[in-house]
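My questions will all concern the structure given below.
To keep things simple, chains are lettered A, B, C, D, E and F as they appear, and every chain counts its residues starting from 1.
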Amino acid sequence: MQWASWSAFFNMGGYAFYVWFSFGLTALCVLWEVYALRQRSRDALHLAQLLAQD
Amino acid sequence: MHMNWFKYSSPQTFYPLAGKMIPWFFWAASLLCAVGLYVSFAIAPTDFQQGEAYRIIFVHVPAAWMSMFIYLVMAGWAAMGLALNARLSAMMAQALAPTGAMFTLLALVTGSLWGKPMWGTWWVWDARLTSELILLFLYLGFMALQSSIDDPRRADRAGALLALVGVVNVPIIYFSVKWWNTLHQGSTINMGVAPKMAATMLLGMLLMALAFWMYSVAVALMRVRCIMLERERSSDWVKALSIKGGK
Amino acid sequence: MNQTWLTLLRRDLLLALRRRSDIATTLFFFVIVSSLFPLGIGPEPAVLSSIAPGVLWVAALLAGMISLGRLFAADFADGSLEQMLLAPQPLAWLVSAKIFAHWLVCGLPVVLLAPLIGLQYALPNDALWVLVYSLLLGTPTLSLIGAIGAALTLGVRGSGLLVALLVLPLYIPTLIFGAGAVAASQHGMSAEAHLSLLAAVSLLSLVLAPLATAAALRISVE
Amino acid sequence: MLTAQGLACVRGDRLLFKDLGFVLEAGSLLYVLGENGSGKSSLLRMLCGLLMPGQGEILWAGKSIKSHAEQYLPNLKYLGHLNGLKDDLTALENLQMGARIAGQDVTAAAALAALTAIGIARCANLPVRVLSQGQKRRVALAALWLSRSPLWILDEPFAALDVAATEVLAARISEHLAAGGMTILTSHQDVPIKAKSTVSLSLSA
Amino acid sequence: MNQTWLTLLRRDLLLALRRRSDIATTLFFFVIVSSLFPLGIGPEPAVLSSIAPGVLWVAALLAGMISLGRLFAADFADGSLEQMLLAPQPLAWLVSAKIFAHWLVCGLPVVLLAPLIGLQYALPNDALWVLVYSLLLGTPTLSLIGAIGAALTLGVRGSGLLVALLVLPLYIPTLIFGAGAVAASQHGMSAEAHLSLLAAVSLLSLVLAPLATAAALRISVE
Amino acid sequence: MLTAQGLACVRGDRLLFKDLGFVLEAGSLLYVLGENGSGKSSLLRMLCGLLMPGQGEILWAGKSIKSHAEQYLPNLKYLGHLNGLKDDLTALENLQMGARIAGQDVTAAAALAALTAIGIARCANLPVRVLSQGQKRRVALAALWLSRSPLWILDEPFAALDVAATEVLAARISEHLAAGGMTILTSHQDVPIKAKSTVSLSLSA
């Protein structure tokens, strides 16, 4: 383990913004994609249900 | 054998099958990601030239790899869809595109975030950066074409053809951009100069790339399920499914 | 009066939202066109930054122009346009709602994205801000003037090229003042004069363009 | 009261009709007949002010509809060959927004009631894109249940409708006429509509 | 085989002749776009001449792209396209006649006019010649690759913008080699390498594009 | 001999027909009937190879028209809803160039004779743009007088034609059938055509 402390870890040798932004953005994109797909599948099923009642 | 393939390539049977596979891929992705992150942050040593900023490669490079890999896979599915007139293949191609575009965008953004501390600028018209940007355009063209054709079968086939044309062009574009860049000798910065990587760094990148790969499969399967539902919304199996609540 | 206007605006925005890829296309056209120039001209940051104002503004112009096809064509094809013509409100007023929606959907994203492309062209920070201001003042003019061209070429064969011919010459003052503002700030001068001229052109077209567009629509719908 | 005097219509280089005139009083129905291409739609568009007459004048309550458009248009409900629906909006949204753009405030409940009247309440929340041709036409026609305009101009309203919907619509038009409204109609089918007075106008190609 | 090909070519040229304004429009678009830059960038000859290769080539690219709408759209609308699909000759072969006609009508005039615009950009004589050569070698590729995009977007909503998105990224190698050739000769280097690469891209697209276009047409006509 | 087996057609998400099959022998006529939107045009385009069947196969002389297109297409003459005429060319130019593109060499005299046969020789040198709908249709149909293909597929050929032209065309089709040709036809009118054998195929919407 090469981090003296948690704050050193979060500081990333002064590059915190760049590193955490990169990882954070990636995480955000991934989570958003999964969420959007769940929503889309729900919508599609809902529409099918409306059509089924027709 | 091929009987089986045709059986599973019908949406009705593939839909539940994909549903069963998705959690496995997600678990694999999470696990690989956890280990990969541990390696990237806890084990991989600090780079003596770039300091901690280099840790961005653990998302940047896997994302860049995936962006190219997914394009190839997409073109493969597209070719198969065209050749065999298989609906599922075309749907897979369509399902992969947004994820590929997302990774391309991530590669661009994380690359910029890396470039700022390393080069002092967010962007240079370097060959690799430029061709990554063009790859993004190719993805977007594919998606835009598919979404603006209303007839799904036609959209599939038109998209597949475009993907194939793109795949022929990707190497040409890549080499032309490279050549353009070396000729103008504009940027002295070259990504090739990155120092020889330590084995642990490589391991971290590989693990993250594998995690992204598993994630891509899971997400593509989710999306293909959505596409099936939307396309076959008036078929009996989707109606039955929707009344059961989508399980 | 306001209710009809707001409804039209809301409807057009809702439609754009339901077809998100349409918004993206204009934006990416802007991005692609402005990325073509470095490929043609070469990657040296100094050269690029010196031509950036002109190039970015021309790209915005072309993106604005090429998206005009969407302004009235769909309404014309599905009959909502004739319903709009029969609404009791003054047509020019309703038209302004549609133009505003078009700007929100096609112009504003370009304004917001432009600084990012400006970064790729190694524009200094101040110039980036002026770029945003100038686009903010100038792109509405593009939508306003473009609407006249779009209305005139409704239902005409090969309308894409025709609209370009009609509209591009009218865009020239906007281009000159817009690019001039950015270039001025790049050279350490004040961009105010250019920006106020740009605002003046905007105001003028804000007053006149809806009237001209309304007249053109009446002709095209016959 | 709508009056037309000495109307003429030229399309391309063909004269479709000339010297056409009529007077339409409250409660009466005008049937415009003729073959394909005889100029029925052109006449109706002229009466709406969408098409300028080659000659002649159209008056509403004695005033030219051209120069007094703001007074004329609130009294008019026009339905052409095109439905004027947005594919990406739902039936309900289309109906409600359409009415608002025509300057009329309509609640969701009222719009739903109109859709119910013409028998497509079930499709209210579906995007119009997925509806069949006849269903789309019904959504467009549902606006007639909301309309408070005295003058209706309908271009082939029965096209693409099945028997049930045709009856419902005919009943609605009769009711409108009974309440003192006016209707101008083209149709290739023969649909019985009750009216105080019915005038037929025949255009020859 | 040849007779059908020649007939198609003759027919398309005849049609272009009967509608001369169509030829003029592409040309004017090229002229307008390339004249926008001096307006946006400023009149210094040194700057202008250094960006001339890129700007002229991008203008040629955009003009080529914007004229694509005419390649198949009219044939699609009036039914001649389906008759062409039913001709006994291989479709790709027939398509090549149409593409050639398109190039003669939209590409060649740009090639011929380009040196004039080049003069306005203070390009030296040698570079002007290289500009003509490079356009002569490169514009056919624009028509060829563009044909694929045009065929794919036939009858599609908002096809003008879409075709731009599809086709512009594929134009990039042509742009790079074409503008590179002119820039090289401007800097006193030999343009041969660029020109031969341009020719190679042309040849490759000459072989592949008609096939892809034919496949795309079959898909679009369904 | 044209054979269709187990054809199915899906448009959008609707199944228009399935399990459709027939055999068409030399000298016989196939009438395709059905309402608007029932899939007649789609079927005809399938038989030309313009539309891929969702299922099933189409054989010409026992060989799939898909894989043996070069052998099939010279035997086929198709006329769809669209006339395939260029507005800016004259009737004569259109006819002659159309035949050449279909791989047939046709002299100006022969083309003029065809135009005479269908009664629009007078319009031969006018650009098609100025012709009326029915005249345009006749120019397109004149190609049938030049055609040497045994199989004709005609989508509503009588639409927009007046009585005289309808008779001339019906006679031409009968003659073609008598000479051992085959014809597939859709029409909303009832036009008598003499044939060795006539088959009707009814599509339901």
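The rule is short, and it goes like this: a contact is a pair of C-beta atoms (placed from the backbone, for glycine too) under 8 Å apart; a residue touches a chain by one contact, two chains touch by 3 or more.
All values derive from a computational prediction rather than experimental measurement.
*Asks:* Moving only from a chain to one it touches, give the least number of moves from subunit E to subunit F.
*Replies:* Each step joins two touching chains, and the minimum needed here is 1.
*Asks:* Need the most distant chain from subunit B, centre defined as the mean of C-alpha atoms.
*Replies:* Farthest from subunit B by mean C-alpha position: D.
*Asks:* When A-D is set beside B-E, which has more C-beta pairs in contact?
*Replies:* Of A-D and B-E, it is B-E that has more C-beta pairs in contact.
*Asks:* Between subunit A and subunit F, what distance separates the C-alpha centroids? Give it in angstrom.
*Replies:* Each chain reduced to its C-alpha mean, subunit A and subunit F end up 58 Å apart.
*Asks:* Which whole number of Å gives the spacing of the CA centres of subunit B and subunit C?
*Replies:* Once rounded, the distance between the two centres reads 33 Å.
*Asks:* When the C-alpha atoms of subunit A and subunit B are each averaged to a single point, how far apart are the two points in Å?
*Replies:* One centre to the other, that is 16 Å.
*Asks:* Between subunit A and subunit E, what distance separates the C-alpha centroids? Give it in angstrom.
*Replies:* Centre separation, subunit A to subunit E: 43 Å.
*Asks:* For subunit B, jot down the residues that touch at least 2 other chains.
*Replies:* Residue numbers touching two or more other chains: 134, 137, 140, 144, 148, 150-151, 153, 177, 180, 233-234.
*Asks:* Where does subunit F touch two or more other chains at once, residue-wise?
*Replies:* Within subunit F, residues 52 contact more than one other chain.
*Asks:* Specify, in ascending order, the residues of subunit A that touch 2 or more different other chains.
*Replies:* As it turns out, subunit A has residues touching two or more other chains at 47, 51.
*Asks:* What residues on subunit C touch subunit E, complex-wise?
*Replies:* 22, 25-26, 28-29, 32-33, 36-37, 39-42, 47, 50-51, 53-55, 57-58, 61-62, 66-67, 69-70, 74, 157-158, 160-162, 164-165, 168-169, 172, 175-176, 179, 183
*Asks:* What residues on subunit A touch subunit B, complex-wise?
*Replies:* For subunit A paired with subunit B, touching residues are 1-3, 9, 12-15, 18-19, 21-23, 25-26, 29-30, 33-34, 37-38, 40-42, 44-49, 51-52.
*Asks:* Looking at the complex, which residues from subunit B come into contact with subunit E?
*Replies:* 134, 137-138, 140-141, 144-145, 148-151, 153-154, 157-158, 161-162, 164-166, 168-169, 172-173, 176-177, 179-180, 183
*Asks:* For subunit D, which residues are in contact with subunit A within the complex?
*Replies:* Per the stated touch rule, the residues are 122-123, 125-126, 130.
*Asks:* Mind pulling up the subunit F residues that touch subunit E in the complex?
*Replies:* Touch list, subunit F to subunit E: 45, 48-52, 70, 73-74, 76, 78, 80-89, 93, 97-98, 100-103, 105, 127.
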